[in-house]
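Labels run A, B and C following the written order; every chain starts at residue 1.
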Amino acid sequence: MEQPTEATRAVLHVLPLVLDLGGTFVFAISGAMVAVRHRLDIFGVLVLAFAAGNAGGITRDLLIGAVPPSAIADLKYSGVSALAGLLTFYWYPVTHRLRRDVQWLDAVGLAFFAVAGAEKALLHGIHPIMAALLGMVTGIGGGMLRDVLVSEIPAVLRADLYALAALAGASVVVSAHLLHLHPMVAALLGGGLCFALRFMAIRYG
Amino acid sequence: MEQPTEATRAVLHVLPLVLDLGGTFVFAISGAMVAVRHRLDIFGVLVLAFAAGNAGGITRDLLIGAVPPSAIADLKYSGVSALAGLLTFYWYPVTHRLRRDVQWLDAVGLAFFAVAGAEKALLHGIHPIMAALLGMVTGIGGGMLRDVLVSEIPAVLRADLYALAALAGASVVVSAHLLHLHPMVAALLGGGLCFALRFMAIRYG
Amino acid sequence: MEQPTEATRAVLHVLPLVLDLGGTFVFAISGAMVAVRHRLDIFGVLVLAFAAGNAGGITRDLLIGAVPPSAIADLKYSGVSALAGLLTFYWYPVTHRLRRDVQWLDAVGLAFFAVAGAEKALLHGIHPIMAALLGMVTGIGGGMLRDVLVSEIPAVLRADLYALAALAGASVVVSAHLLHLHPMVAALLGGGLCFALRFMAIRYG
(Lines give C-alpha, C1' and ligand atoms only; values in the text may rest on other atoms or scores of the structure.)
Protein backbone atom coordinates (compact mmCIF):
# COMPACT_ATOMS: atom_id res chain seq x y z
CA MET A 1 0.00 0.00 0.00
CA GLU A 2 1.32 3.28 -1.23
CA GLN A 3 1.71 6.41 0.94
CA PRO A 4 -0.06 9.47 -0.50
CA THR A 5 2.81 11.64 -1.72
CA GLU A 6 2.77 15.30 -2.65
CA ALA A 7 2.47 14.27 -6.31
CA THR A 8 -0.42 11.90 -5.58
CA ARG A 9 -2.27 14.62 -3.76
CA ALA A 10 -1.72 17.01 -6.66
CA VAL A 11 -3.11 14.39 -9.06
CA LEU A 12 -6.09 13.92 -6.74
CA HIS A 13 -6.95 17.58 -7.15
CA VAL A 14 -6.02 18.15 -10.80
CA LEU A 15 -7.43 14.92 -12.20
CA PRO A 16 -11.13 15.63 -11.45
CA LEU A 17 -10.76 19.10 -12.99
CA VAL A 18 -9.28 17.77 -16.23
CA LEU A 19 -11.84 14.98 -16.46
CA ASP A 20 -14.69 17.32 -15.56
CA LEU A 21 -13.72 19.86 -18.21
CA GLY A 22 -13.24 17.17 -20.85
CA GLY A 23 -16.65 15.70 -20.07
CA THR A 24 -18.19 19.17 -20.05
CA PHE A 25 -16.83 19.94 -23.51
CA VAL A 26 -18.12 16.70 -25.01
CA PHE A 27 -21.57 16.89 -23.46
CA ALA A 28 -21.86 20.58 -24.31
CA ILE A 29 -21.34 19.59 -27.95
CA SER A 30 -24.07 16.96 -27.66
CA GLY A 31 -26.39 19.56 -26.13
CA ALA A 32 -25.61 22.05 -28.86
CA MET A 33 -26.22 19.45 -31.58
CA VAL A 34 -29.64 18.60 -30.14
CA ALA A 35 -30.42 22.33 -29.96
CA VAL A 36 -29.42 22.88 -33.60
CA ARG A 37 -31.55 19.91 -34.67
CA HIS A 38 -34.51 21.55 -32.89
CA ARG A 39 -33.74 24.79 -34.78
CA LEU A 40 -32.99 26.86 -31.71
CA ASP A 41 -31.14 30.12 -32.27
CA ILE A 42 -27.58 30.68 -31.08
CA PHE A 43 -28.69 31.61 -27.56
CA GLY A 44 -30.88 28.56 -27.22
CA VAL A 45 -27.88 26.56 -28.42
CA LEU A 46 -25.59 28.09 -25.81
CA VAL A 47 -28.12 27.51 -23.01
CA LEU A 48 -28.54 23.87 -24.00
CA ALA A 49 -24.77 23.44 -24.35
CA PHE A 50 -24.28 24.76 -20.82
CA ALA A 51 -27.15 22.66 -19.45
CA ALA A 52 -25.95 19.41 -21.05
CA GLY A 53 -22.31 20.05 -20.17
CA ASN A 54 -22.83 21.03 -16.55
CA ALA A 55 -26.07 19.60 -15.14
CA GLY A 56 -24.41 16.36 -14.07
CA GLY A 57 -21.57 18.05 -12.23
CA ILE A 58 -23.80 20.72 -10.68
CA THR A 59 -26.22 18.08 -9.41
CA ARG A 60 -23.34 16.10 -7.92
CA ASP A 61 -21.90 19.20 -6.24
CA LEU A 62 -25.26 20.26 -4.76
CA LEU A 63 -25.85 16.73 -3.46
CA ILE A 64 -22.44 16.43 -1.78
CA GLY A 65 -22.63 19.97 -0.41
CA ALA A 66 -19.81 21.40 -2.55
CA VAL A 67 -21.34 24.86 -2.91
CA PRO A 68 -21.02 26.92 -5.02
CA PRO A 69 -20.62 24.10 -7.56
CA SER A 70 -17.38 24.06 -9.60
CA ALA A 71 -19.35 25.04 -12.71
CA ILE A 72 -20.33 28.29 -10.95
CA ALA A 73 -17.16 28.98 -8.96
CA ASP A 74 -14.80 28.31 -11.87
CA LEU A 75 -15.10 30.21 -15.14
CA LYS A 76 -13.46 27.42 -17.14
CA TYR A 77 -16.68 25.39 -17.19
CA SER A 78 -18.84 28.03 -18.82
CA GLY A 79 -15.94 28.97 -21.12
CA VAL A 80 -15.58 25.40 -22.32
CA SER A 81 -19.37 25.10 -22.72
CA ALA A 82 -19.62 28.32 -24.72
CA LEU A 83 -16.73 27.24 -26.95
CA ALA A 84 -18.43 23.91 -27.63
CA GLY A 85 -21.73 25.66 -28.38
CA LEU A 86 -20.17 28.18 -30.77
CA LEU A 87 -18.13 25.52 -32.62
CA THR A 88 -21.18 23.33 -33.04
CA PHE A 89 -23.45 26.16 -34.17
CA TYR A 90 -21.14 27.78 -36.71
CA TRP A 91 -19.58 24.58 -38.00
CA TYR A 92 -22.77 22.50 -37.89
CA PRO A 93 -22.18 20.93 -41.34
CA VAL A 94 -18.85 19.70 -40.01
CA THR A 95 -20.09 18.61 -36.57
CA HIS A 96 -23.11 16.99 -38.19
CA ARG A 97 -20.91 14.94 -40.52
CA LEU A 98 -18.89 13.95 -37.49
CA ARG A 99 -21.94 12.85 -35.50
CA ARG A 100 -20.87 9.20 -35.55
CA ASP A 101 -17.57 10.26 -34.07
CA VAL A 102 -19.49 12.31 -31.54
CA GLN A 103 -20.96 9.03 -30.30
CA TRP A 104 -17.41 7.97 -29.50
CA LEU A 105 -16.66 11.33 -27.97
CA ASP A 106 -19.81 10.94 -25.88
CA ALA A 107 -18.50 7.59 -24.61
CA VAL A 108 -15.25 9.33 -23.64
CA GLY A 109 -17.19 12.12 -21.90
CA LEU A 110 -19.27 9.60 -19.99
CA ALA A 111 -16.11 7.84 -18.82
CA PHE A 112 -14.54 11.16 -17.75
CA PHE A 113 -17.64 12.22 -15.79
CA ALA A 114 -18.20 8.84 -14.14
CA VAL A 115 -14.61 8.84 -12.87
CA ALA A 116 -14.56 12.51 -11.87
CA GLY A 117 -17.92 12.22 -10.10
CA ALA A 118 -16.88 9.22 -8.05
CA GLU A 119 -13.47 10.72 -7.15
CA LYS A 120 -15.00 14.02 -6.02
CA ALA A 121 -17.72 12.32 -3.96
CA LEU A 122 -15.06 10.21 -2.21
CA LEU A 123 -12.98 13.34 -1.54
CA HIS A 124 -16.05 14.82 0.19
CA GLY A 125 -16.41 11.82 2.48
CA ILE A 126 -19.48 10.30 0.83
CA HIS A 127 -20.03 6.57 1.48
CA PRO A 128 -18.32 4.48 -1.26
CA ILE A 129 -21.58 2.98 -2.57
CA MET A 130 -23.20 6.41 -2.87
CA ALA A 131 -19.97 7.75 -4.42
CA ALA A 132 -20.35 5.19 -7.20
CA LEU A 133 -23.99 6.24 -7.69
CA LEU A 134 -22.93 9.90 -7.74
CA GLY A 135 -20.38 9.05 -10.45
CA MET A 136 -23.29 7.65 -12.45
CA VAL A 137 -25.41 10.75 -11.76
CA THR A 138 -22.56 12.99 -12.91
CA GLY A 139 -22.34 10.98 -16.11
CA ILE A 140 -26.01 10.82 -17.00
CA GLY A 141 -27.35 14.09 -15.52
CA GLY A 142 -26.38 16.36 -18.40
CA GLY A 143 -27.86 14.11 -21.07
CA MET A 144 -31.07 13.76 -19.07
CA LEU A 145 -31.60 17.52 -18.71
CA ARG A 146 -30.67 18.04 -22.39
CA ASP A 147 -33.43 15.68 -23.53
CA VAL A 148 -36.01 16.89 -20.99
CA LEU A 149 -35.49 20.47 -22.24
CA VAL A 150 -36.44 19.45 -25.78
CA SER A 151 -39.37 17.46 -24.43
CA GLU A 152 -38.02 13.98 -25.19
CA ILE A 153 -37.64 10.92 -22.99
CA PRO A 154 -33.93 10.92 -22.05
CA ALA A 155 -31.94 8.68 -24.40
CA VAL A 156 -29.93 7.83 -21.29
CA LEU A 157 -32.92 5.90 -19.93
CA ARG A 158 -33.26 3.85 -23.12
CA ALA A 159 -29.75 3.45 -24.51
CA ASP A 160 -28.16 0.09 -23.91
CA LEU A 161 -25.63 0.01 -21.15
CA TYR A 162 -25.55 3.77 -20.71
CA ALA A 163 -26.33 4.20 -17.01
CA LEU A 164 -24.78 0.78 -16.38
CA ALA A 165 -21.50 1.72 -18.09
CA ALA A 166 -21.26 4.87 -15.95
CA LEU A 167 -22.09 2.95 -12.78
CA ALA A 168 -19.59 0.18 -13.57
CA GLY A 169 -16.82 2.67 -14.25
CA ALA A 170 -17.56 4.64 -11.10
CA SER A 171 -17.69 1.42 -9.05
CA VAL A 172 -14.23 0.45 -10.26
CA VAL A 173 -12.92 3.87 -9.21
CA VAL A 174 -14.44 3.43 -5.76
CA SER A 175 -13.13 -0.13 -5.39
CA ALA A 176 -9.65 0.97 -6.46
CA HIS A 177 -9.86 3.72 -3.85
CA LEU A 178 -10.78 1.20 -1.15
CA LEU A 179 -7.80 -0.91 -2.25
CA HIS A 180 -5.58 2.19 -1.94
CA LEU A 181 -4.55 2.09 -5.59
CA HIS A 182 -3.17 5.28 -7.09
CA PRO A 183 -6.03 7.59 -8.23
CA MET A 184 -4.51 7.68 -11.71
CA VAL A 185 -4.72 3.89 -11.92
CA ALA A 186 -8.27 4.02 -10.58
CA ALA A 187 -9.19 6.56 -13.24
CA LEU A 188 -7.67 4.49 -16.04
CA LEU A 189 -9.33 1.26 -14.93
CA GLY A 190 -12.75 2.81 -14.23
CA GLY A 191 -12.77 5.09 -17.25
CA GLY A 192 -11.52 2.26 -19.44
CA LEU A 193 -14.30 -0.07 -18.33
CA CYS A 194 -16.97 2.58 -18.84
CA PHE A 195 -15.69 3.35 -22.35
CA ALA A 196 -15.35 -0.33 -23.23
CA LEU A 197 -18.96 -1.04 -22.24
CA ARG A 198 -20.26 1.86 -24.31
CA PHE A 199 -17.97 0.83 -27.17
CA MET A 200 -19.54 -2.62 -27.24
CA ALA A 201 -23.07 -1.22 -26.94
CA ILE A 202 -22.53 1.17 -29.88
CA ARG A 203 -20.68 -1.38 -32.01
CA TYR A 204 -22.74 -4.47 -31.42
CA GLY A 205 -25.86 -3.22 -29.57
CA MET B 1 -48.78 20.94 27.27
CA GLU B 2 -46.45 18.00 27.26
CA GLN B 3 -42.72 18.22 28.08
CA PRO B 4 -40.53 16.69 25.37
CA THR B 5 -39.26 13.48 27.00
CA GLU B 6 -36.38 11.32 25.87
CA ALA B 7 -38.87 9.02 24.14
CA THR B 8 -40.57 11.90 22.36
CA ARG B 9 -37.27 13.11 21.06
CA ALA B 10 -36.42 9.62 19.83
CA VAL B 11 -39.76 9.47 18.01
CA LEU B 12 -39.05 12.88 16.50
CA HIS B 13 -35.89 11.50 14.92
CA VAL B 14 -37.00 7.98 14.01
CA LEU B 15 -40.46 8.84 12.73
CA PRO B 16 -39.33 10.89 9.70
CA LEU B 17 -36.91 8.11 8.72
CA VAL B 18 -39.56 5.40 8.82
CA LEU B 19 -42.07 7.57 6.97
CA ASP B 20 -39.45 8.69 4.44
CA LEU B 21 -38.37 5.13 3.67
CA GLY B 22 -41.97 3.93 3.39
CA GLY B 23 -42.80 6.75 1.02
CA THR B 24 -39.61 6.12 -0.96
CA PHE B 25 -40.48 2.44 -1.43
CA VAL B 26 -44.01 3.19 -2.67
CA PHE B 27 -43.01 5.97 -5.04
CA ALA B 28 -40.05 3.96 -6.33
CA ILE B 29 -42.56 1.27 -7.31
CA SER B 30 -44.68 3.85 -9.11
CA GLY B 31 -41.58 5.13 -10.93
CA ALA B 32 -40.56 1.61 -11.91
CA MET B 33 -44.07 0.82 -13.19
CA VAL B 34 -44.06 3.92 -15.39
CA ALA B 35 -40.60 2.93 -16.66
CA VAL B 36 -41.73 -0.61 -17.51
CA ARG B 37 -44.78 0.74 -19.33
CA HIS B 38 -42.41 2.89 -21.42
CA ARG B 39 -40.34 -0.25 -22.15
CA LEU B 40 -37.17 0.98 -20.49
CA ASP B 41 -34.57 -1.67 -19.69
CA ILE B 42 -33.69 -2.66 -16.13
CA PHE B 43 -31.27 0.25 -15.70
CA GLY B 44 -33.78 2.80 -16.94
CA VAL B 45 -36.23 1.23 -14.49
CA LEU B 46 -33.79 1.55 -11.59
CA VAL B 47 -33.00 5.18 -12.46
CA LEU B 48 -36.69 6.07 -12.63
CA ALA B 49 -37.38 4.17 -9.40
CA PHE B 50 -34.69 6.16 -7.62
CA ALA B 51 -35.85 9.45 -9.17
CA ALA B 52 -39.51 8.93 -8.25
CA GLY B 53 -38.71 7.64 -4.78
CA ASN B 54 -36.23 10.30 -3.79
CA ALA B 55 -36.75 13.53 -5.77
CA GLY B 56 -39.27 14.88 -3.25
CA GLY B 57 -37.08 14.28 -0.23
CA ILE B 58 -33.91 15.48 -1.97
CA THR B 59 -35.63 18.69 -3.07
CA ARG B 60 -36.85 19.28 0.48
CA ASP B 61 -33.40 18.65 1.94
CA LEU B 62 -31.67 20.99 -0.54
CA LEU B 63 -34.25 23.70 0.16
CA ILE B 64 -33.93 23.50 3.95
CA GLY B 65 -30.14 23.24 3.77
CA ALA B 66 -29.91 19.64 5.04
CA VAL B 67 -26.89 18.70 2.91
CA PRO B 68 -25.97 16.07 1.89
CA PRO B 69 -29.63 15.03 1.62
CA SER B 70 -30.70 11.91 3.54
CA ALA B 71 -31.08 10.03 0.26
CA ILE B 72 -27.35 10.56 -0.39
CA ALA B 73 -26.00 10.33 3.15
CA ASP B 74 -27.97 7.21 4.06
CA LEU B 75 -27.69 4.03 1.98
CA LYS B 76 -31.13 2.80 3.03
CA TYR B 77 -32.84 5.12 0.54
CA SER B 78 -31.09 3.80 -2.54
CA GLY B 79 -31.36 0.26 -1.19
CA VAL B 80 -35.12 0.58 -0.76
CA SER B 81 -35.41 2.20 -4.22
CA ALA B 82 -33.37 -0.54 -5.91
CA LEU B 83 -35.43 -3.23 -4.16
CA ALA B 84 -38.65 -1.61 -5.38
CA GLY B 85 -37.26 -1.32 -8.91
CA LEU B 86 -36.13 -4.95 -9.06
CA LEU B 87 -39.39 -6.29 -7.61
CA THR B 88 -41.42 -4.27 -10.10
CA PHE B 89 -39.27 -5.22 -13.09
CA TYR B 90 -39.02 -8.96 -12.48
CA TRP B 91 -42.53 -9.42 -11.13
CA TYR B 92 -44.23 -6.99 -13.50
CA PRO B 93 -47.17 -9.33 -14.24
CA VAL B 94 -47.84 -9.38 -10.50
CA THR B 95 -47.26 -5.67 -9.86
CA HIS B 96 -49.29 -4.84 -12.96
CA ARG B 97 -52.24 -6.91 -11.71
CA LEU B 98 -51.91 -5.09 -8.39
CA ARG B 99 -51.91 -1.62 -9.98
CA ARG B 100 -55.23 -0.70 -8.42
CA ASP B 101 -53.79 -1.55 -5.05
CA VAL B 102 -50.76 0.51 -5.99
CA GLN B 103 -53.11 3.50 -6.15
CA TRP B 104 -53.84 2.87 -2.49
CA LEU B 105 -50.19 2.35 -1.72
CA ASP B 106 -49.51 5.64 -3.51
CA ALA B 107 -52.01 7.36 -1.20
CA VAL B 108 -50.17 5.86 1.78
CA GLY B 109 -46.82 7.02 0.36
CA LEU B 110 -48.15 10.53 -0.19
CA ALA B 111 -49.36 10.65 3.43
CA PHE B 112 -45.97 9.39 4.67
CA PHE B 113 -44.02 11.97 2.65
CA ALA B 114 -46.31 14.90 3.50
CA VAL B 115 -45.92 14.17 7.22
CA ALA B 116 -42.18 13.45 7.06
CA GLY B 117 -41.53 16.55 4.95
CA ALA B 118 -43.38 18.87 7.32
CA GLU B 119 -41.77 17.35 10.43
CA LYS B 120 -38.24 17.62 9.01
CA ALA B 121 -38.75 21.20 7.86
CA LEU B 122 -40.00 22.17 11.34
CA LEU B 123 -36.98 20.43 12.91
CA HIS B 124 -34.76 22.65 10.72
CA GLY B 125 -36.45 25.81 11.95
CA ILE B 126 -38.39 26.61 8.79
CA HIS B 127 -41.45 28.87 9.25
CA PRO B 128 -44.59 26.77 9.90
CA ILE B 129 -46.38 27.90 6.73
CA MET B 130 -43.37 27.06 4.57
CA ALA B 131 -42.97 23.78 6.48
CA ALA B 132 -46.48 22.81 5.35
CA LEU B 133 -45.60 23.74 1.76
CA LEU B 134 -42.38 21.72 2.01
CA GLY B 135 -44.43 18.74 3.19
CA MET B 136 -46.44 19.12 0.00
CA VAL B 137 -43.27 19.42 -2.12
CA THR B 138 -41.87 16.26 -0.51
CA GLY B 139 -45.10 14.47 -1.38
CA ILE B 140 -45.49 15.59 -4.97
CA GLY B 141 -41.83 16.06 -6.07
CA GLY B 142 -41.09 12.43 -6.91
CA GLY B 143 -44.22 11.97 -9.00
CA MET B 144 -43.52 15.19 -10.86
CA LEU B 145 -39.96 14.22 -11.84
CA ARG B 146 -41.14 10.69 -12.75
CA ASP B 147 -43.64 12.07 -15.26
CA VAL B 148 -41.33 14.79 -16.61
CA LEU B 149 -38.69 12.12 -17.35
CA VAL B 150 -41.11 10.22 -19.57
CA SER B 151 -42.19 13.48 -21.20
CA GLU B 152 -45.70 13.63 -19.74
CA ILE B 153 -47.51 16.40 -17.89
CA PRO B 154 -47.25 15.37 -14.22
CA ALA B 155 -50.37 13.50 -13.13
CA VAL B 156 -49.87 15.29 -9.83
CA LEU B 157 -50.89 18.55 -11.49
CA ARG B 158 -54.10 17.05 -12.84
CA ALA B 159 -55.22 14.46 -10.31
CA ASP B 160 -58.04 15.51 -8.05
CA LEU B 161 -57.01 16.52 -4.60
CA TYR B 162 -53.44 15.32 -4.99
CA ALA B 163 -51.41 18.41 -4.10
CA LEU B 164 -54.27 19.53 -1.85
CA ALA B 165 -54.31 16.25 0.09
CA ALA B 166 -50.56 16.54 0.71
CA LEU B 167 -50.86 20.19 1.73
CA ALA B 168 -53.80 19.51 4.05
CA GLY B 169 -51.97 16.64 5.75
CA ALA B 170 -48.80 18.66 6.16
CA SER B 171 -50.79 21.62 7.52
CA VAL B 172 -52.33 19.42 10.20
CA VAL B 173 -48.85 18.23 11.21
CA VAL B 174 -47.69 21.82 11.48
CA SER B 175 -50.78 22.93 13.43
CA ALA B 176 -50.41 20.00 15.82
CA HIS B 177 -46.78 21.03 16.31
CA LEU B 178 -47.84 24.58 17.15
CA LEU B 179 -50.35 23.16 19.65
CA HIS B 180 -47.52 21.09 21.20
CA LEU B 181 -49.24 17.80 20.49
CA HIS B 182 -47.10 14.67 20.48
CA PRO B 183 -45.39 14.22 17.05
CA MET B 184 -46.88 10.72 16.81
CA VAL B 185 -50.36 12.19 17.21
CA ALA B 186 -49.53 14.89 14.67
CA ALA B 187 -48.35 12.23 12.21
CA LEU B 188 -51.50 10.14 12.67
CA LEU B 189 -53.85 13.11 12.28
CA GLY B 190 -52.02 14.65 9.32
CA GLY B 191 -51.29 11.40 7.55
CA GLY B 192 -54.84 10.22 8.18
CA LEU B 193 -56.34 13.36 6.64
CA CYS B 194 -54.06 13.16 3.59
CA PHE B 195 -54.94 9.50 3.02
CA ALA B 196 -58.66 10.12 3.59
CA LEU B 197 -58.71 12.91 0.98
CA ARG B 198 -56.97 10.73 -1.61
CA PHE B 199 -59.23 7.81 -0.68
CA MET B 200 -62.30 9.90 -1.46
CA ALA B 201 -60.77 11.26 -4.68
CA ILE B 202 -59.92 7.75 -5.93
CA ARG B 203 -63.22 6.23 -4.81
CA TYR B 204 -65.68 8.93 -5.79
CA GLY B 205 -63.61 11.34 -7.91
CA MET C 1 -15.83 56.77 -6.92
CA GLU C 2 -18.60 56.85 -4.36
CA GLN C 3 -18.22 55.61 -0.78
CA PRO C 4 -20.97 53.14 0.19
CA THR C 5 -23.17 55.08 2.59
CA GLU C 6 -25.75 53.73 5.01
CA ALA C 7 -28.46 54.52 2.44
CA THR C 8 -26.58 52.76 -0.36
CA ARG C 9 -26.22 49.70 1.77
CA ALA C 10 -29.94 49.75 2.56
CA VAL C 11 -30.73 50.00 -1.15
CA LEU C 12 -28.36 47.09 -1.81
CA HIS C 13 -30.44 44.93 0.49
CA VAL C 14 -33.95 46.17 -0.28
CA LEU C 15 -33.61 46.47 -4.03
CA PRO C 16 -33.14 42.73 -4.77
CA LEU C 17 -36.17 41.94 -2.59
CA VAL C 18 -38.44 44.38 -4.41
CA LEU C 19 -37.21 43.25 -7.83
CA ASP C 20 -37.41 39.58 -6.86
CA LEU C 21 -40.99 39.90 -5.63
CA GLY C 22 -42.05 41.89 -8.69
CA GLY C 23 -40.51 39.29 -10.99
CA THR C 24 -42.09 36.49 -8.96
CA PHE C 25 -45.55 38.02 -9.31
CA VAL C 26 -45.27 38.43 -13.07
CA PHE C 27 -43.85 34.98 -13.75
CA ALA C 28 -46.36 33.37 -11.37
CA ILE C 29 -49.09 34.90 -13.54
CA SER C 30 -47.47 33.45 -16.66
CA GLY C 31 -47.26 30.05 -14.96
CA ALA C 32 -50.89 30.22 -13.89
CA MET C 33 -52.01 31.20 -17.40
CA VAL C 34 -50.20 28.23 -18.93
CA ALA C 35 -51.79 25.99 -16.28
CA VAL C 36 -55.29 27.30 -17.02
CA ARG C 37 -54.73 26.77 -20.77
CA HIS C 38 -53.82 23.15 -19.99
CA ARG C 39 -57.05 22.86 -17.93
CA LEU C 40 -55.36 22.15 -14.63
CA ASP C 41 -57.49 22.58 -11.53
CA ILE C 42 -56.87 25.36 -9.00
CA PHE C 43 -54.18 23.37 -7.19
CA GLY C 44 -52.32 22.56 -10.38
CA VAL C 45 -52.55 26.28 -11.17
CA LEU C 46 -51.09 27.26 -7.81
CA VAL C 47 -48.25 24.74 -8.11
CA LEU C 48 -47.36 25.99 -11.59
CA ALA C 49 -47.63 29.62 -10.43
CA PHE C 50 -45.19 28.91 -7.62
CA ALA C 51 -42.85 26.94 -9.90
CA ALA C 52 -42.75 29.61 -12.62
CA GLY C 53 -42.44 32.46 -10.13
CA ASN C 54 -39.72 30.97 -7.99
CA ALA C 55 -37.65 28.38 -9.89
CA GLY C 56 -35.24 31.00 -11.21
CA GLY C 57 -34.55 32.56 -7.82
CA ILE C 58 -34.37 29.21 -6.03
CA THR C 59 -31.89 27.86 -8.59
CA ARG C 60 -29.75 30.99 -8.20
CA ASP C 61 -29.83 30.74 -4.40
CA LEU C 62 -28.89 27.03 -4.39
CA LEU C 63 -26.04 27.71 -6.83
CA ILE C 64 -24.56 30.58 -4.82
CA GLY C 65 -25.05 28.75 -1.53
CA ALA C 66 -27.73 31.09 -0.13
CA VAL C 67 -29.63 28.38 1.74
CA PRO C 68 -32.49 28.19 2.54
CA PRO C 69 -33.39 30.15 -0.61
CA SER C 70 -35.29 33.41 -0.13
CA ALA C 71 -38.41 31.80 -1.61
CA ILE C 72 -38.38 29.30 1.28
CA ALA C 73 -37.09 31.52 4.10
CA ASP C 74 -39.42 34.41 3.31
CA LEU C 75 -43.20 33.93 3.20
CA LYS C 76 -43.68 36.87 0.85
CA TYR C 77 -42.62 34.83 -2.17
CA SER C 78 -45.22 32.13 -1.78
CA GLY C 79 -47.81 34.74 -0.80
CA VAL C 80 -47.17 36.73 -3.97
CA SER C 81 -47.22 33.52 -6.04
CA ALA C 82 -50.50 32.34 -4.54
CA LEU C 83 -52.06 35.76 -5.10
CA ALA C 84 -51.00 35.70 -8.75
CA GLY C 85 -52.35 32.17 -9.15
CA LEU C 86 -55.72 32.97 -7.58
CA LEU C 87 -56.17 36.20 -9.58
CA THR C 88 -55.35 34.40 -12.82
CA PHE C 89 -57.60 31.44 -12.11
CA TYR C 90 -60.69 33.30 -10.95
CA TRP C 91 -60.36 36.21 -13.35
CA TYR C 92 -59.16 34.19 -16.31
CA PRO C 93 -61.46 35.96 -18.81
CA VAL C 94 -59.83 39.21 -17.73
CA THR C 95 -56.24 37.92 -17.59
CA HIS C 96 -56.77 36.15 -20.91
CA ARG C 97 -57.94 39.36 -22.59
CA LEU C 98 -54.88 41.06 -21.11
CA ARG C 99 -52.47 38.42 -22.42
CA ARG C 100 -50.82 40.83 -24.81
CA ASP C 101 -50.15 43.13 -21.89
CA VAL C 102 -48.84 40.12 -20.00
CA GLN C 103 -46.12 39.91 -22.65
CA TRP C 104 -45.05 43.37 -21.56
CA LEU C 105 -45.34 42.42 -17.92
CA ASP C 106 -43.19 39.40 -18.68
CA ALA C 107 -40.53 41.69 -20.15
CA VAL C 108 -40.65 43.74 -16.94
CA GLY C 109 -40.38 40.57 -14.85
CA LEU C 110 -37.41 39.38 -16.86
CA ALA C 111 -35.67 42.72 -16.33
CA PHE C 112 -36.40 42.58 -12.58
CA PHE C 113 -35.04 39.03 -12.24
CA ALA C 114 -31.95 39.61 -14.39
CA VAL C 115 -31.00 42.61 -12.24
CA ALA C 116 -31.87 41.00 -8.91
CA GLY C 117 -30.04 37.79 -9.83
CA ALA C 118 -26.84 39.58 -10.79
CA GLU C 119 -26.92 41.86 -7.72
CA LYS C 120 -27.43 38.97 -5.32
CA ALA C 121 -24.70 36.85 -6.92
CA LEU C 122 -22.27 39.77 -6.62
CA LEU C 123 -23.27 40.26 -2.96
CA HIS C 124 -22.32 36.60 -2.38
CA GLY C 125 -18.86 37.09 -3.87
CA ILE C 126 -19.46 35.23 -7.14
CA HIS C 127 -17.08 36.14 -10.01
CA PRO C 128 -18.54 38.99 -12.10
CA ILE C 129 -18.85 36.92 -15.30
CA MET C 130 -20.68 34.13 -13.47
CA ALA C 131 -22.82 36.76 -11.68
CA ALA C 132 -24.02 37.93 -15.10
CA LEU C 133 -24.80 34.35 -16.10
CA LEU C 134 -26.65 33.83 -12.80
CA GLY C 135 -28.72 36.93 -13.54
CA MET C 136 -29.70 35.24 -16.79
CA VAL C 137 -30.48 31.96 -15.01
CA THR C 138 -32.69 33.82 -12.51
CA GLY C 139 -34.53 35.40 -15.42
CA ILE C 140 -35.09 32.33 -17.56
CA GLY C 141 -35.30 29.55 -14.93
CA GLY C 142 -38.96 29.99 -14.02
CA GLY C 143 -40.16 30.05 -17.62
CA MET C 144 -38.11 26.95 -18.40
CA LEU C 145 -39.55 24.89 -15.54
CA ARG C 146 -43.07 26.15 -16.37
CA ASP C 147 -42.82 24.83 -19.92
CA VAL C 148 -41.07 21.58 -18.98
CA LEU C 149 -43.90 20.83 -16.51
CA VAL C 150 -46.49 21.02 -19.29
CA SER C 151 -44.21 18.93 -21.54
CA GLU C 152 -43.29 21.68 -23.99
CA ILE C 153 -39.91 22.88 -25.24
CA PRO C 154 -39.24 26.04 -23.20
CA ALA C 155 -40.31 29.15 -25.12
CA VAL C 156 -37.29 30.77 -23.51
CA LEU C 157 -35.04 28.63 -25.72
CA ARG C 158 -36.85 29.72 -28.88
CA ALA C 159 -38.04 33.27 -28.27
CA ASP C 160 -35.99 35.95 -29.94
CA LEU C 161 -33.60 37.75 -27.66
CA TYR C 162 -35.00 36.20 -24.50
CA ALA C 163 -31.92 34.69 -22.87
CA LEU C 164 -29.80 37.35 -24.57
CA ALA C 165 -31.89 40.21 -23.15
CA ALA C 166 -31.53 38.79 -19.64
CA LEU C 167 -27.79 38.25 -20.09
CA ALA C 168 -27.25 41.75 -21.51
CA GLY C 169 -29.16 43.37 -18.64
CA ALA C 170 -27.31 41.35 -16.03
CA SER C 171 -23.96 42.16 -17.69
CA VAL C 172 -24.70 45.87 -17.46
CA VAL C 173 -25.47 45.49 -13.75
CA VAL C 174 -22.17 43.70 -13.23
CA SER C 175 -20.19 46.25 -15.26
CA ALA C 176 -21.80 49.11 -13.35
CA HIS C 177 -20.82 47.34 -10.14
CA LEU C 178 -17.21 47.07 -11.31
CA LEU C 179 -17.29 50.79 -12.12
CA HIS C 180 -18.60 51.46 -8.59
CA LEU C 181 -21.79 53.08 -9.85
CA HIS C 182 -24.68 53.31 -7.42
CA PRO C 183 -26.66 50.00 -7.38
CA MET C 184 -29.84 51.94 -8.17
CA VAL C 185 -28.21 53.31 -11.31
CA ALA C 186 -26.93 49.85 -12.19
CA ALA C 187 -30.45 48.46 -11.80
CA LEU C 188 -31.99 51.15 -13.98
CA LEU C 189 -29.39 50.78 -16.75
CA GLY C 190 -29.37 46.98 -16.74
CA GLY C 191 -33.12 46.56 -16.31
CA GLY C 192 -33.73 49.22 -18.94
CA LEU C 193 -31.54 47.47 -21.50
CA CYS C 194 -33.14 44.08 -20.83
CA PHE C 195 -36.64 45.54 -21.21
CA ALA C 196 -35.68 47.49 -24.34
CA LEU C 197 -34.31 44.37 -26.04
CA ARG C 198 -37.48 42.39 -25.28
CA PHE C 199 -39.59 45.36 -26.34
CA MET C 200 -37.94 45.38 -29.74
CA ALA C 201 -38.19 41.60 -30.07
CA ILE C 202 -41.94 41.63 -29.27
CA ARG C 203 -42.66 44.68 -31.40
CA TYR C 204 -40.58 43.99 -34.48
CA GLY C 205 -39.42 40.37 -34.01
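Assume a contact is a pair of C-beta atoms (placed from the backbone, for glycine too) under 8 Å apart; a residue touches a chain by one contact, two chains touch by 3 or more.
No experiment lies behind these values; they were computed from the predicted model shown.
Trainee: Taking only the C-alpha atoms, how many degrees of rotation bring subunit B onto subunit C, rounded to the nearest 5?
Mentor: 120
Trainee: Report same or different for the subunit A and subunit B interface, where same means the shared residue numbers exceed half of all residue numbers found there.
Mentor: Different-residue interface.
Trainee: Counting only Cα atoms for the centres, state how far subunit A is from subunit B in Å.
Mentor: Roughly 30 Å separates the two chain centres.
Trainee: I need the residues of subunit B touching at least two other chains; which ones are they?
Mentor: 62, 67, 148, 151
Trainee: In the complex, go through subunit A and note every residue touching subunit B.
Mentor: So the residues of subunit A in touch with subunit B come to 62-65, 67, 126-127, 129-130, 133-134, 140, 144, 148, 151-154, 156-158, 160-164, 167.
Trainee: Where on subunit B is subunit A touching in the complex?
Mentor: Per the touch definition, subunit B meets subunit A at residues 35, 38, 40-41, 43-44, 46-48, 58, 62, 67-69, 72-73, 75, 78, 148-151.
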